[in-house]
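You will see two complexes here that share chain A, one where it goes with chain B and one where it goes with chain C.
On to the complex of A and B.
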């Protein structure tokens, strides 16, 4: 007899959750097994790490990585503190000058300290989401149009099929050159490097989304299309009432697929082009080559993985919220 | 009685990779206002094709369809269709499915309140008021078909077209649906064309039964006028000699057409056509068993 049952009998007047077999089997399935898996992984990792010697010292084990997480957090706090102090000083100085000379127009110079780990995470997240949303805005209307028109499908399909297998990284040099040629505003709204990463992400997201949307639209149940015809729904209403909802599951499949790939590609692009973001963090640490570098890269690797996972879960949650088809997983 | 719908000498050819395939040859039928006509024939003979031509979803190769003096050239809500597989939009509730149709057909003429009343009235007609806010995946097959019928009725069509509306339902549900349909028909006196492969259903519901020959180049073989008084009750009819005579006539037609097809059943591979025939034979046998 286990403790839980003992407690349950003692407090039989209280309402306890159903402590039957399914409760325990669920607890094992959902909590115990994953925890066991993670523990086993950590053990294996630290055991293996100790046996790998690199030019930068031993390969970091879980403890070293944890230590670096703390260090990165401290660095971030210190940097924010500096930034606050910087703006405070500036404000104070401006206030003094305005007091002396009422016509003086106070100028605020931006803080230009080195980005912290958290800054890089945020940059990467903003980039991937912006590029992704831009791709959504292009791909879904395009996919619907292609899905609705066989002629257009025939016309565009070869182009899609050729560009689809191209790694977006191959585009990167072209994108960089085109952006620097065309984006020459003296007071740019966003940095060129941001634009480069963003366009790379967009290019990467575009094809899976266009294809999935088009396939979803083309594959709508013929009966539903006939219903629309019998009702004489005008074209726009047909799209809004029948086509879009019917293809939502396929559209989401495309979106999840491309967001996952986009996140991977973005990190690589940031490394390759030295654009701000997690990829640059990894690259900088690699170049830096201090004894902590590997542990810091490993920390970044874990964060990249975690964010990728959360992005996918987020899309899934959104899909469950938006789509009528609740069977997705 | 005046002719409402004139299906005038239609031929239907489908282009196929192996050249044109003649599905229908000279199908000619006139239907009066308020008449309930059923189309019966072996599976694959061309019943749905006839219905789709009337619906405007297919364009006849020769001949045409004239509804109250006007030629049918495209689909429209005055020829509402009930499809075999309910074809409800799965993301909308029963109410919203009917609403989509009502808004489209009456959006300009009815106020919001009137539309709501009309939607609820039609769902009530098919006994679906209790579940009108459920989505298709939350209700049974029979209930889905009821909603499909409500949606079609709500368009106030001149002709109601039904393609094996109860074909996918179990026998008990089918009987309920037939009773409901007779009830609705007694109230609304719609003009209906219904496809069925169930002999009892055809005799029970119809004013006329149109029997089609086997394809390719299917056409109307015989037309049976069913002069049974309404309201009809299935239990009383079971012992009615006239009813049984009608049943026998239809069965005989189907069996003769089946055992001595004047042309091969299908243009496709013989293996496939034999499957279809076996199924068709099974359908008919089942109906005979039911009666026994």
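On to the complex of A and C.
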């Protein structure tokens, strides 16, 4: 037995590529066709873009957008440079003041400059994940409870059905006002704007998860339920040993749907409420109306799409990891 | 002299309120700022420049202030931000602190220690309206229209629309904005009625008896709204008039410099509570802003190109360099290609632009009364008391005196604080030739053909 076969037997799941017809047809299917699709899209895009005249100049083609990616990157570098200088100046100023006024407790204040494109992306990601996790923490227990009790399901279902189709833009004003009324700490832990976006995201992405979890739990194989009854499992053990493992595929389908909703909602919420993040970036550029604005917005659109795609793939990978149902895609 | 009595008593009580421990001599005596981390709001307009310059040139940091500057969606959001404390201060329309203190709209005590600039607005009409106006405008020898263009040229157009039963819509940025009053002033001077407000009847649309219907659009959206055909013209600050020229969607017909030479424009607004709670911070902010304004006007606008570069960054105004430079560097482009010298289109410091004169506040109050936003007659005293509540030369003086003390400025750059009484001399340069004397607001209101007069209530 040579080494190759040893490895091959060890990773029995792993198939080594065979240089035969299937390999080439797979290569075409997985690589060549998507590449061709993208190229055709770029071609169509740049051809159409040249023919659209807006009051801000021509609609940006792929080249203009690429240029703005570079410009945004340069801006980011420059901003980091300024940030370093800011902290240096601050330390010097603090030292001078301590020399004059020994009782002074020097304090380092955060950089006051504008957040860059990269910062905005990170802000958006943090916000969407926080909102989503909060929704998970509420939706899954709620979904399981509803799934277990038909009576509760009947009671709560109408409410869910009414709230599910509500647009984030309708929630936002309410959320904003309630947050400003209730969250009045003089030294807040997190910014109000962050809380506004987060709660709006949670409110909108709660529902698909609740529904899927409930459906998953309600649809557990009767045999499994009977096993649990025979063993006289206490309620919590029943949920832990029978309900959760059995409904994991449905729960994750709900979570994937919800994360997609959350990402879309967040961009809209940031745009409307001027909360920091990618949505605000898009809105600010629209307001600026400079000749680069459209290309920068297009750059943001591509980044938003790419992140949305990666989030979805990430959830799928997680789902495959924890679930017994490996067929999801 | 009874008219200045309310000032004297007020000034005395205010001096106590601000805790004139400041009574400035040197920076050491001025004391460190009580609040060091501040957030200021602005609207994307070139006249936010003093705030951007004070930040970029390090004037805020020189005062030990760490300031974050945030663009706001519209004037309402900005005002609410200052009122609820999300913002510590902001670039405001001169009418906003006055209206807020008076209680027209959201009621809150907002004050201003610093006036941000003079002039800087324009009125733009769409290409189609311009073509219809053009035959009514006298020409110069070179075939270009004679400026200033009066609304007389627009009147036949508005009348035509009225006869056809089509509403003649125009945009301005806020009900108590300088732009609203300037647009109304220009229209009324040409015999076009811009409509009354009747807040006591719950009518705050400002379209009673109107020939031209005015409505609110946020400044950066003006060109897009004009392009969409929702409005036929608008009054807004820069760069949104020049943007219309660049985009080829409209023609600026008149600047506010021509409507009223050297009219007060934006102010820096903070809450009264902020000024009382953080007196040192307030004076220090004012100092930084005064230095920024001086820098902007230094050596005959020599620093303007650099300022334009800063303003064209996407976190400030964000429009193209060329668009902003058009008006900021002493010129103004009317019809495409018709670029004329207007060296005082944007004034940030000279002519005592930054000093918060009571008479400036009172002019806005007279216009609020003229158009019904103040629904009943008020005595002259009332105007003066309200102006003194909102405009705070005492804070400005404290800041200016400490700058003079530190040799960062000279006394000659400021009004003579010993003799000045908060009133500019009667101002004559209005497009309709009517003289404004801030000491006699009621007599001034009587002078207009179109507008509410004393005793009149809708």
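Everything below uses one rule, namely that the second predicted complex is superposed on the first by the 299 of 329 C-alpha atoms of A that agree within 3 Å, B and C clash if a C-alpha of one lies under 4 Å from a C-alpha of the other, contacts with A are read in each partner's own complex, and residues count from 1 in each chain.
As a convention for this text, a contact is a pair of C-beta atoms (placed from the backbone, for glycine too) under 8 Å apart; a residue touches a chain by one contact, two chains touch by 3 or more.
This is a predicted model, so every value here is computed, not measured.
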Clash-or-fit label for the pair chain B, chain C on chain A: fit
Which of chain B and chain C A:311 touches, first, second, both or neither: neither
First, second, both or neither for A:180, with chain B first and chain C second: second
Touched partner set for A:250, first chain B, second chain C, both or neither: neither
Partner chain(s) touched by A:89 [first = chain B, second = chain C, both, neither]: second
Partner chain(s) touched by A:285 [first = chain B, second = chain C, both, neither]: second
Partner chain in contact with A:209 - chain B first, chain C second, else both or neither: neither
Which of chain B and chain C A:201 touches, first, second, both or neither: neither
Touching partner for A:274 - first (chain B), second (chain C), both, neither: second
Chain B and chain C, minimum CA distance [Å, superposed model]: 52
Chain A residues contacted in one complex by chain B, in the other by chain C: none
Interfacial residue positions of chain B with respect to chain A in the complex: 55-57, 74-77, 79-81, 83, 85, 87, 89-91, 100-101, 104-105, 135, 155
In the complex with chain A, residue positions of chain C that touch it: 32, 36-37, 44, 55, 58, 61, 64, 66-69, 71-73, 77, 84, 86, 220-221, 223-224, 227, 243, 247-249, 312, 314-315, 317-320, 323
Complex contact set, residues of chain A against chain B: 221, 223-224, 226-227, 229-233, 237, 241-242, 245-246, 248, 324-325
Chain A - residues contacting chain C, complex: 55-56, 89-90, 93, 97, 101, 109, 112, 114, 180, 192, 274, 283-285, 287-291, 293, 296
